[in-house]
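Note that chain A is present in both complexes that follow, paired respectively with chain B and with chain C.
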Partner chain A sequence: MKKLYSNKWVIFSLVLPGILVFVFAILAPICLSVYYGFTDYSGMGEANFIGLENYKNLMHDSSFGRALLNSLLLAIGFICIQHPLAIVTAAVLDKLGGRAEGFFRCVYFIPNVISVAVIAYLWKFIYNPDFGLLNNILKAFGYEGKINWFSPQMAIWSVLIVLIWHGFGWGMLIYYTGIKNIDPVLYEAASIDGADWKTTFFRITLPLMKPVIQINVTMAIISALKQMETVYLLTGGGPGDTTQFAANYLYQQAFKAFKYGYGNAIGVVFILICILVTVGLNKIFQNKDID
Partner chain B sequence: MSKKEKTKVDSTLLQRIKKGCLWIVLILVAVIQIFPLIWLVDFSLASSTEMFTNGLLIIPEKIQWGNYVTAFVDGHFLLYLKNSILINGLAVILVVLISIMAAYACRRMRWKLSGLVKTILLLGMMIPIHATLLPNYKIYNTIGLTDTLWALLIPYVAFSLPQGLFLMTGFIDSIPWELEEAAVMDGCGIYRIVFQIITPMLKPSIATVAIMTFLNNWNEFMMASTYLSSEKWKTLPFSVLEFTGQYSSNYAVQFAVMALTAAPAVIVYIILNKHITKGVAMGAVKG
Partner chain C sequence: MKKKLMASILAAAMAVSMMTGCGDTKDATADAAADTKTESAGATEAADAANAADDSASGEEVTIKLFSNLPDRKNGQGLVEQTLIDEYMLENPNVTIEVEALDEESYKTKFKAYAMDGMPDVVSIWGQPSFLDEVLDAGVLAELNESDYADYSFVSGSLEGFKKDGKLYGLPRNTDIMVFYYNEKMFTDNGWEVPQTYDDLLALADEINAAGIVPVAMDGGDGWVLACYMQDLMVRLAQTPSDKIANAIANGDFSDPLFTEASQLLADTAAAGVFQTGFDSQDYGTAQNLFTNGQAAMFYMGSWETSMALNEDIPEDVRNNIRVFVMPAVEGGSATATDLAAWNGGGYGVSADSEVKDEAIKFLNFMYQPDKLSKYGWEFGVGLSAQDQTSYLTGDETELQLQVMDLLKNATNISGTPINDCGSSSFKTTIETEIQSLANGSETAEDFLAALGEACK
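Now for the complex of A and B:
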C-alpha cells in the first residue's frame, strides 16, 4: 500500500498537467513581464535594456497613483454601501420564507450572470443625456436640465454606481447563505427571551456572520484592485485619468501609447500589490480570530 | 372589547405592518436590480425614433421584431454562441480533470513536495488576470497561438484551476480512507482509484467547480479581444462589442443585440437557479 502511494511516476503524471498550465499561463508570462519591464520596448523593433528607468518613472506617475486611489474608493464603496445593504437585504430575505424568498433571491442575482460587455453598454445608455433612463427618472421628479454623468467630476461616481449595482447580488447571496447556516435554535431562544429584531440582528446575526463578512470583504477589496473590464468599456479610464484603474492603465500604456516595456513594469508592480494585499488581509483576519 | 382582545388586535396589526415593511424593502431592491434590464428589453422592441420620450418606458407603436433579426444575423449570434459553449465546456472539463488529479496527488499520495506544489498552484489565485495580458499576447504571437482556440482555453483553465484545486482538496480530505484501502486490497491501481472511486464521490464538488468556472469565463472578453482578431473563435460578448461600432446610430438594434446576448445565460440561470445558488455559495464561502 505504502509503495503504491509513493510511486514517483504516478505522482508526477498526476500533477504534471496542473504544473504545465501554471508554468505556461502564469509563471512564464510573469517572467517575461519582469524582463520587458527593464526595457524600453515599444511593441515593435528593438528592446533596449534601460535598468530601473520604468520603475523610477512609475514612482512619479500621477495616473498610476490615481488608479490606486480609485481602487481604494471602489473598495470603500463596496464595504460601506454595497455590503451593509447586502447584509440587511439577506437578513430580511431570510425571514420571508416560501416561494417569494426563492424568487427575490433569483432576481437579485440576475445582473451577475450578464456579461460585463452588456452591462457596460447598458449603463452607457442609462447615463445617456438624451434618452437615458437616469435623466428621465430625474425629469419625472421635476428636475429639468441634462446631467452629464461622465463629466470629470461625476465620472468616477457613475462608474462606482455601476460596479456596486452589478456585484450586489453576489455579495447578497453569500451573506444569505451565511445567515442560513446560523442555527435557528439561537433565534428561537432570542425570541423567547423577548429580543426584538434589532437586538437579534446585532447580537446574533452579525457576530456569527463574522467569518463570512471577512471573506466577503477580502474578496471585495481584491476585486476593487483588479477592476478593469467595466471601466475599459464604460469610460476607458477617462475623462483624463479620473476613472483610471491599474489594469486598464497598463493595457493602455502597452497597446495604445506603445510603451510595452512600461506597461509590463506596471504589470509587475500591480502583481506585487495584489499579492501583498491578499497576504496582508489574510494575516489581519487570522490574527483577529486568535484574539 | 376587553383590554386583552385589544392588545391582540394591535399585535397582529403590528405584525402586518412589519411584514409589509419587509416586502417594501425587498421589492425596492428587486426593482433597482431588475428595472434596467426591463428597460433594455422594452427599448429593444421599439424603433430608434421613439426613444426620445419623457416617460420611463415606451409603448412601441409597432413591436420591432426586426431589431432582433438584425442582431441575430449581423451579430453572428449562432457562431459566437457555439464558440462560447465549446470553449467554456472544454475549460470546465479540463479544470475539473486537472484539479481532481492534482488534488489527489497533493492530499493522498506520499511525497515530500506535496505541500509546496499545492501552494504554488494556489498562488495563481492572487495573480491579477489582466497583468498577464501583455506578456501572453507576446508569447501567443511568437508561437502562433493567436486566433486559435488555445489562446482562450489555456488562460481560462489556468485562472480557474487554483479555485478548482482549492475546492477539490477540501472535498477529497472528507472522503474516508477505508474506501481506498478496500480498493487497494482488490488490486486497484492509483489511476483506477482516482477516476473510478474518488471521482464519482466528488459529484457535488464537481458541480460547484463547473459552475464557478463557467461563471468566471462565460462573460470574459478582455483576453478574447486581445488574443483574437478573426471571427473564427470569437465568443458571445463580441456580438455586443462589434455592434456598437457598426450600428453606432441605430440604438434600437444595439439594445436588441444586448438583450439577445444576455439571454442564454439568464435563461440557463433561471432554469438551474437552485443549483447555481448552491454552487456559488459553496464555492465562495470555501474559496
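Now for the complex of A and C:
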C-alpha cells in the first residue's frame, strides 16, 4: 500500500481533480480577467483591445480611491476595535465557566449565524430616521431631532459598526478556542507566584495566542478588502459613493454600468492588492517570529 | 508486478470515478436544459415546416421561449403577461410557450449572457438608450415591420424609443408618468391644498413638517427616482428638454443653464426638508411604506403605482384616499400643467436569430392586439399601456386610475426618456450615484454637472 502512494500515476490521479478545479475555477478566470482588463468589452458584442486605458482611468477614479480608503478604514476598525474586544471577551468567557460560558459564547456568535441579507435589513430598520430603533431610543431620552445615520458624514461609520458587530462572534470564537488550548498549568503556576489577572493576561494569554492573532488579523484584513454583500444590501455604496467598497464598485461597474473591461481591470488591481497585502502580512509576522 | 497491477487498477478506478463525476454534472446540466433543448430542436424543424407551409395552424409543435422581467406571475403586469400566454396556448394548441422570469437586475445581467450565445425568442426590453443602444449594436433583436402596427392604436410617439435609424425593433408595453401621490384625507383634515406653484409646494412642505409629518416620501436610495424628479423639473422649466439632454450627452457638456437651474432646484428642495430625513439612503419599499402608513403626506413615484388603490395590504383610510397631482409650475418656467414627465419604457422584442421567429412575432402581435395587453392591463389595474385604453373603461375604476388616465389624455407634451436613461448604462450609473450627492448637499450643482459631462466621454 505504501508503495502504491509512491506511484506517480496514483499521485497524479489523486491530485488531478484539485488541479482541474484550480485551473478552471481560479486560474483561467483570472487570466480572462487580465485579458478583458485590456479591452473595452461591454459584455455584448465586440471586445476591442485598448491597452492600458482602463488602468489609466482607474488611477484617476475617485470612487475607486474612496473604495480602497473605506477598505483600509474597515481593516483598521477590525484590528483596533473588533479584535481587542474579541480577545478580552474570549478571555472573560474562559474565566466564566459553567452554564454562563456556553450561553454567552452562543449569544455572541448568533449574528454570524444569521444571513447577511437579514442582518442588512435589520440594521436598515434600526438606523431608519423615522421609525428606527436608534432614533426612538434617543426620543425616549428626550432628544427631539431626527438623526440621519446615513448622512454623507456618518454613513461610513454606521456601516463600519454593522460590519464590526457582525464579524465579532467569529473572531471571538477563534480567540476563545486559542485560549482554551493554553495549558492551565501555566495559570496555576502564575497564581502560585502571585500574579494578578493583568499580569496573567499580558504575560501568558497574549503571548501564547500569537499564532491565533496572526491568523485572525490576516483573515480580518482579507475580509475587509473583499467586503461586498453587507454594503451592497445596506447602502449599495451610497449616498453618493461614501460607503463604496472595492468589490461592490467592481460589481457596479461590470454589471450595472456594463463596463466589463473596466470591471475586470478593477478585479486585476484588486487581486494585486490582496496578494501584496497577504505577502506583506506574512513578512511582518515572520520577522516577529525570528525575534 | 502484483503491486503495479493494483496501482494501475486503482488509477483506472480513480479515473473512471472522476469521469463519471464529470459525466454526472454534464448529465445534470443536460437534464436542466433538456426540456428546452429537445423542444427547441423539435421547434427548429417545426418552424422550418411552418415557414414552408403556410402559417395556418398546421398542428406542428412549436415552442416559443419567453424571457421576462416579471417574476411575479400572480400579480400586476406579470399576471397580465401570463394570462395572455395561457390564452394564446389555448387558441394555438400546437404552440408551447416557456417562460423564464427574473427580476430586473438579474434579468439585465442574464440578458447579456444570452446575447452572446443565443437569445430566447421573445424578450423584455427597454426602449431607452441606456439599455437598447448596446443591445442593438450587438444586433440581437429582429426588425419589426412598423406598418403592421398601424391599427394597433399606439399612442403617438410611443414607438420612438424602440427605433434605430428608422427601423423598429420592439413594442412598448407601458406609459409611465411621474406624479406626486398624496393622501387627500390628510390634506383636507389639516386644511392643506394641492400646490399650484413650486413655491406653494415648498411652503406646504414647511407646514407639513411643522405638523410632524414627512412632506414627500422619496426613494432616494435608488438614484433613478431623483433623476426622474430632475427630469420633471426640467419639463417645468423648458417644456421639452429632450433635445437639450440629447445634445448635452452627445457632447459631454452640461453647461446649459437649464441643467444648472434644475439641479440647483433639486438640491434646494432637498435642503428645505421636502423629503424625509435620510431619503438618499432609503429604498423604494421604505419610502412607499412611509406614505402608505400615513407617516408621509405625499409620495413621488411613477404612475405604475396606481395599483396602490387596489392593494389590500394598505390600510383602508389611506388606500381609498390616494390621489395624484403633477409637478407644480416652476417660476420662470415655460411649461403648462399638462406637460408631463412621461415616457414609454418597458416592452418586448423578438430575437434576431430565433429559430421560430415568425411564430414569435405572431405571438408578439397577439399580445399587442388592442384588446389584449392594454385591456387586461387596465382591468388588472397595472397602469397605463402605450395604446389607447379609453374604450376599456369598466366603470369599476378607482378614482386614482381615472385621475391618472385623465392626466395622460389631456397631456399636451410628453418629455420622453428621463435623463438617466438617455445615455449609456455607464452614464446611468454615474448620474444615479452623483445625484444622491447633489441632493444631500455633499456636492454642488457645478460639480454634479461636471461629473455628468465626464461620464459622457
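Note that in this section the second predicted complex is superposed on the first by the 287 of 291 C-alpha atoms of A that agree within 3 Å, B and C clash if a C-alpha of one lies under 4 Å from a C-alpha of the other, contacts with A are read in each partner's own complex, and residues count from 1 in each chain.
Note that in this section a contact is a pair of C-beta atoms (placed from the backbone, for glycine too) under 8 Å apart; a residue touches a chain by one contact, two chains touch by 3 or more.
This one's a predicted model, so the numbers in the text were calculated from it and none came from an experiment.
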### Task
Determine, under the contact definition given at the top, whether A:36 touches first (chain B), second (chain C), both, or neither.
first
### Task
With the two complexes superposed on chain A, say which partner A:72 touches: chain B (first), chain C (second), both, or neither.
neither
### Message
Contact-wise, after the overlay, does A:284 reach chain B, chain C, both or neither (first, second, both, neither)?
### Response
neither
### Message
Contacts for A:130 in the overlay, against chain B (first) and chain C (second): which applies, first, second, both or neither?
### Response
both
### Task
Figure out whether A:19 sits in contact with chain B (first) or chain C (second), or with both, or with neither.
first
#### Entry: Partner chain(s) touched by A:59 [first = chain B, second = chain C, both, neither]
neither
### Query
Which partner does A:189 contact after superposing on A: first (chain B), second (chain C), both, neither?
neither
### Query
A:10 contacts which: chain B (first), chain C (second), both, neither?
both
### Task
Have a look and say if chain B or chain C is in touch with more residues of chain A.
B
### Message
Just to be sure I read the superposition right, which of the two partners does A:152 touch: chain B = first, chain C = second, or both, or neither?
### Response
second
## Note on the structure
Going through chain A, the residues touched by chain B and also by chain C turn out to be 4, 7, 10, 14, 17, 130-131, 255
#### Entry: chain B-facing residues of chain A, complex
1-2, 4-8, 10-11, 14-15, 17-19, 21-22, 24-26, 28-30, 32-33, 36, 85, 88-89, 92-93, 95-96, 100, 102, 104-118, 121-123, 125-126, 130-131, 133, 136-137, 139-140, 165, 168-170, 173-174, 176-178, 212, 215, 219, 225-226, 228-229, 232-233, 247, 250-251, 254-255, 260, 263-264, 267-268, 270-271, 274-275, 278-279
### Partner chain A, residues of chain C touching it in the complex
3-4, 6-8, 10-11, 14-15, 18, 21, 105, 108-109, 112, 115-116, 134-135, 137-140, 214, 220-221, 223, 276-278, 280-283, 286, 290, 295, 424-426, 428-430, 433-434, 436-437, 440-443
### Task
Sort out for me which residues of chain A touch chain C in the complex.
3-4, 7, 9-10, 12-14, 16-17, 42-45, 63, 124, 127-131, 146-152, 155, 235-242, 252-253, 255-259
### In the complex, chain B residues that touch chain A
22, 25-26, 29-30, 32-34, 36-37, 39-40, 43, 51-56, 97-99, 101-102, 104-106, 108-111, 117, 120-121, 123-136, 138-139, 154-155, 157-159, 161, 165, 181, 184, 189-191, 194, 215, 218-219, 221-222, 226, 236-237, 240-241, 244, 251, 254-255, 258, 261-262, 265-266, 268-270, 273-274, 276-277, 280-281, 284-285
